[in-house]
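Letters are used for the chains, namely A, B, C, D and E, taken in the order the chains are written, and counting of residues starts over at 1 for each.
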Amino acid sequence: MPLLHVSDMSHNFGGLQAVSEYNLSLDPGQITGLIGPNGAGKTTIFNLITGIYRPTRGSVRFDGEELVGKKPNETAAMGLARTFQEMKLWRHMTVLDHIKMARYSKLSYGLMGAFLDTPRRRREERHATELSMEYLEMFAVDQFAGQLVVNLPYGAQRRVEMARAMVIEPKVLLLDEPTVGMTPDEMMSMIEVVRKAHERFNLAIFLIEHRLKVVHELCQHVQALVFGKVLVEGAPNEVQNHPKVIEAYIGEQEVEF
Amino acid sequence: DAGAADTIKIGFNIPLTGDNPDVGASSKNAAEMYLKKNPTVEVGGKSYALKFVFDDNEYKAESAVKVSTKLITEEGVLGIVGPQSSSQAVPAGEVANNFATPMISPWSTNPNTTLDRPFVFRGCFLDPFQGPVAANFATDELGAKKAAVLYDIAADYPKGLAEFFKAAFEEIHGPGSVVAFESFTTGDKDFSAQMTNIMMAGADVLFTPQYYSEVPLIVRAAKEMGWTKPILGSDSWGSGDLMGLCGDECKGYYFSTHYAAAGAKGETKAFIDEYTAKYGKTPDDVAALTWDSLGLMIQAIKDTGGLSGDVKKDRAKVKDALAGIKNYPGITGGMTFTADGDPKKCAVVVQINDEGKFAFFKSVCPK
Amino acid sequence: MTFNFFMQNLVNALQWGSFYALIALGYSMVYSILMLFNFAHGDIFMVGAYIGLGVSLGLLSLFGTGAAAVLPGWLILVLTLLVSMFLTAFVGIIVERVGYRPLREAPRASAAITGLMIGIILETANILFLGGSRLKFPQLIESVTYNIGGVYVTNKKIMIVLVSIGLMLALHQLINRTKWGMAMRAMAYDYVVVPLVGVPMNTIAAMTFAIGSALAAAAGILFGLAYPVLDPYMGVSFGWKAFVAAILGGRGSIMGACVAGFMLGFIEIMTVPAIMIVNRLFSLSIGSNLRDLIAYSIVLVILIFRPHGLFGQAYSSKLRL
Amino acid sequence: MDDTHAPKQTGGMFYRVGLFFKPVPLLGYLLGFMVCVVWEQLAGEGLTSLLGLPKMPVLFGLLTTFKVLAGVVNFLIKGDAFNWATLVQIPGAVAYLSAIYLIPLALVARAVVRPANALARYLQGLPLPVTAFVQLGLMYAALHIWAEMSDYRLIFLKLTLIAVLFTLSLNIINGYMGEFSCSHPGFMAIGAYMSSLFTVGLFSSDKVLGEAVFTFSTAYLSFPLALIFGGLMAAVGALIIAIPSFKTRGDYLAIISLAFLFIVKSFFENIQALGGSRGISGQPDWATLPVIFITMAFGVWTINNFVTSTMGKALNAVRDDETAAEAMTVDTRKTKMAAFMFGAFWAGVSGGLLAHVLRYVNPAMFSVQKLAEVLAMVYFGGLNSVYGSIVGAVSISLLGEALRPLEILKWIVIPLLLILVMIYRPTGLIAFKEFDVRQVFGPKEVD
Amino acid sequence: MLLNVENLRVSYGKIKALHGISFNIDAGEIVTIIGANGAGKSTTLRAVSRMVPVGKGSAMTCMGKDLLSFAADKVVSQLGITHVPEGRRLFGNLTVMENLQLATFARKDRDNVRKDIRRVFEIFPRLEERKSQASGTMSGGEQQMLAIGRAFMSGRRLMLLDEPSMGLSPLLMMNVFQALKEINRQEGTAILLVEQNARLALKFSQKGYVLENGNLVLEGDSETLINDPEVKKAYLGG
């Protein structure tokens, strides 16, 4: 049984059919890519899976459990972590606090612990800190631990966002254009980071990208989405060279101006 | 101060800022006029310079407590005049009583201000007295059988008085004779809804124990709704500004109060004339009552027959002297304190005549 | 409980609602465009009323009163309205310049605090200059009461309601049909980039305040006609209640503010007869004093069912920190 | 990169003063303050008369100074008579302040650096409650002696401590959570009334609430229960707002909470059983300085615990980006509710204290004016910061008292000051600063 | 010369972002600035459009006029320099159409406005389909189109483009660049382009500058730069 199984999911905004009859099955350890023109509905699919929107129709099953109707924090706590197309970081919080925050659902000291600084709270907080530091190191941002995120270079911010998602200890990671705005160098190191995380935790990854190179390097399976529908899916090479995909999405790459 | 030995300090706990700065201004005016007239007091054959300390309570309970404490412990006053409104006078009275310092609130009509507080006195009659005065007047002089009441629920004084009026009126005419008992909240400006109810109820008289600033709006709302019957007010109407705000619309109506400015005689007239000359307006109740309360305080100081210089002992002496005062001839009437520290005094009912003056109509004294 | 009784209250509520609506409108202008709680707005209303008082007294002394009058009362009223709206607009512009422009990058709540403080300064300045006592607003036009089938209506009430509605419609047009209005709405969303499309941001901000303040002045003068006692704190409770109405209406919606203003007026006025009716029907004796309690409970309930206000769109508007 | 900017340049006087005091731990200042207050007990009266001051300056000379200044202002504006000799009181007050407080404090604090640091280091090794007990005990002792000099100081201190707690409890919502709540005076009212109901209703005879139910001499031991009862009722009130308002985001909380404030006020005005607009008086005199101090310290401690825990920091996450918070497993609804009710609880407790300090409570005390006051304290001091709330509450209270002689002008000066602070430090004087109890109580590393 | 910048210095508080850079643009020219994240590219554009204050000694002229004497909105309406900022920054509460109309706020030529809107819709047909959608709900790519369209409406002597390809699909990215080229050709609009996709940018432009840590370290025509081994290594991905 696949880890994440989406069947016949549709959603519309007012009159606009943003996603229609979308299907996905993602096995543990698999990396699937989602490409498609702007406005095709890729981000919307992420939002539907994680519970930000509720699909008009269809079901999303994760580890055998139905996700539709669950709130984003619940889906996340179950092991579905994500990053955002336009990074969503907390302006006034330090890097370490960002990472620790993702342990929220794993803390069990409760409100009384929060108010009264119980030994249990101290223990759990200490553990969360240690764990967070490990992740910060893994994503090479540990030297920024005490700083506010806004003061970090762009690439580092992206890695913080990724580390934050990883601390949830997810089974599936949803990445929405993780290399947007990066130089080729930064892009390459991002690919490495994703690959490492994948290998280390046998993570299933669902990835939105416009950079075909990234898709190519990472994905075993790719879906091409157009107008909310999957147009073609298969191995990266197949999809990339599919005439329909070229027509709708890739275009002639070498144009002369 | 240097030579504190031969000065007497009186503190004033009054609202110089906040919602009602004109109350503070009137109190201060009266006090300053008093000081001009009586810069020194003779006590036990020794002459003392009078010194007044005015402190602002911002029309807030919290500040009134701080100010009282400050006046007593920092300024070392012998006695305190004020606060004026019960919402400040009740908590400030607690402080004064705890520090064993005599306090007279000129204008607070809430029974709790003086209750069980030997050091706290007041300069005016109480609501339980004024209410029946108004009810009897409505019955006897206006021939009313059904009455309507419109009052501010959120302010201590109108609310209390409205209730006392209702009780008194219903005692005379039976339960239900107050056919409309309508209220609003401090700061309200529109009374049309309440007036519509009152019109429907078919009352013979409208009693509205409101401040002079609200009276014009109430009167106008009444007239706009077609009200043609008498309106009766209370001591809070008696401000020099009432007619300036209300104009012709208020003429012919009545209110009960502490003194009648028009047609006053003797001391009262002297006070009114002097005040008018000095500040350009007729003194309102606060001014007159502050004057009297101050007078009472000074009288009590004189009655001690001599001050020891130890302010704590002197305060106790002043309190005893205050309690013992008999028939003090105030400009708002003769005063004798009951055991609670409340004066027995007469109320007058005035009518606003065609010249816009508050003309004496009737005087009612406690039995 | 007659039809008359209901109609009478309806007429009263219309007038009362007009004030809330007019003030809420000015509030909403600044709120929806600059995304600021302009806690000084109630006090600008007060300033407008006092300016109106000064202007009308000036005009009356110039053109005479009573039999010696050169100009009719209604003309003086119109002049007073125009001149005072103009002058109060300047007060608004100064408030914007001093209290809000320096804080454009600051958290919105900080600007709300400056607004609150400017309000206090305006009140205090009034007391300093005019003393604490109340002033009477001159009655520029003769009051005439019409008895229409047992319902009492005055000419002033009619005029107040009409003028308010007229001003509201004009404003609605301005916001939704002109490029100035468009610029204002754009500014609400992202003021930083407004200059990048060639729109003079400071001018728009100043104009927003100017229009809002002019409306407050109009409200102040009409208020003076209806309730002729002015005091330095008259704007405080109006300010807070207009704040409720402006947000209840829904952010970005001028019409919403207007409707919510009327609605608040209606609720406040109508609870009094409603309580009376309930009392009669069930022979209870609930006091009409529960008005605030009931009125604001209704507001609460409305917000439970329409969490984004009456006309508001559902987008997040966190305080900018 | 060409040149690096280390903030190393030896700056002006402030910098050097800062450097001078850098190694002083809190314990050092507390010892210094202790010496000052004892010194004042001994020499205060004498110095006062030596300097020709009419009265010992009770609020660090501020009151004296402004009283004289108010005289000057009245002379200039209204032409009131002014005794020019009183001008001497200003330097007098400054001299007093320096001789009794500033100089001894500076010298002692600096002189005890070594032992204070050693002691602090030793204490740091002990469990936190012990450290806290010693240092807070010292702080209390010093304040107690300070307040003993004058009952005016005492009431000022009591009300200020209450204001600190009240301000901080609002900072949870307006600062840490970033919402704009207007209902805090309402919570305070609930706390004040409910705790009064408890104490007056059960333990003292009163016209409104009737005869005392219990009469025993140790009744004051039940005061904490009264406060908790008040706080809990306020928290229940908060629930009424929290349920509808956290369905939505943004500004609606502002009006829902404002509506709630109006409702609460109207409620207490109308309930005759609670005295209506007359309020309740005759609360027992149980809110003594130690009670208030302990309550305040405990309140600050729990609030600080909360906002520094991951649970509490979720508030910041919710404020800065709610979608991201949810995506990171934060239960935003629960977090917001908890914070809101927690804030309301402490507001209720501070209300209970206030009622028992004033020994009177009426609905008019909890108006929008109170709201303006506490908002000013929160934003003046600084958002999202325990230090900020302490600084805000203390400085606004102090200003409010010190400027009282200016009468009406006070209400020009204070607002102007606040506007200036908002313009130059839009998030308040000390914003976004974490309060680490161990570090505060700990030694300062000398390098 | 259309735009001449001398010794431009900008700092954000204590952080110095630009240390005195100089460059120029001729009428109708397309110029690219490339550089790593945080090099100061966006800052350069913001300085030209007067969104950030510049430091002492900086001088900028546009067609001989002192650019520093124009306020931000006048730079757009009087000099015709428009700026498409990083992250698009549309007015999300306004519709697509309103966004375009607003951009003509200061324009007096009402007749041309209508024509220009038609032009925008020709270049980006998707925008016409979504004419009355609130722009905030459009997808990233759609928003980018609108941002360019909006800039086109408000002035077209010089367009400052901050990473226009960010988040665009490959096809759309080509379309956008083609559209820009067309605007450049037909209207003679000069373009100052900031891009992460350096290869594309250099191909697209005539002249290029390389910015490193707030200093211009290299300049030349695009051809030369694209073949420069250093540039290749650092910015073109080997």
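A few remarks follow.
By our rule, contacts are C-beta pairs under 8 Å (C-beta built on N, C-alpha and C of every residue); 3 or more make two chains touch, one makes a residue touch a chain.
In UniProt terms the chains read A, E = ABC transporter ATP-binding protein; C, D = Branched-chain amino acid ABC transporter permease.
If you're wondering where the values come from, they're calculated on a predicted model, not measured in any experiment.
Note on connectivity: the fewest chain-to-chain touch steps from chain B to chain E number 2.
Set against the Cα centre of chain D, the chain with the most distant centre is E. Distance from the centre of chain A peaks at B, each centre being the average of the chain's Cα atoms.
Averaging Cα coordinates per chain places chain A and chain B 73 Å apart. Centroid to centroid, with C-alpha atoms defining each point, chain A and chain D lie 45 Å apart. A straight line joining the Cα centres of chain A and chain E is 31 Å long. Mean C-alpha position of chain A lies 49 Å from that of chain C.
Shared interface positions of chain A, defined as residues touching 2 or more other chains, are 91-92. Touching of two or more other chains is recorded for residues 17, 21, 153, 185 of chain B. Residues 37, 98-99, 102-103, 105-107, 109-114, 116-118, 120-121, 123-125, 127-128, 236-237, 240, 243-244, 247-248, 251, 287, 289-293, 296-297, 299-300, 303-304, 307-309, 316-319, 321 of chain C are the ones touching chain D in the complex. Chain D makes touch with chain C in their complex at residues 174, 178-180, 244-245, 247-252, 254-256, 258-260, 262-263, 265-267, 269-270, 319-320, 322, 368, 372, 375-376, 379-380, 383-384, 408-409, 411-412, 414-416, 418-419, 422-423, 426-428. Residues of chain A that touch chain E in their complex: 13, 35-40, 43, 85-86, 153-155, 177, 180-188, 210, 212, 248-253, 255, 257. Residues of chain B touching chain D in their complex: 1-2, 16-17, 21, 55-56, 60-62, 65-67, 69-70, 72-76, 86-87, 90-91, 94, 99, 110, 112, 115, 153-156, 159-160, 185-186.
Chain B contributes residues 17, 19-22, 24-25, 153, 181-185, 187, 189-190, 192-194, 196-197, 200, 213-214, 216-217, 220, 223-226, 241, 244-245, 247 to its touches with chain C in the complex.
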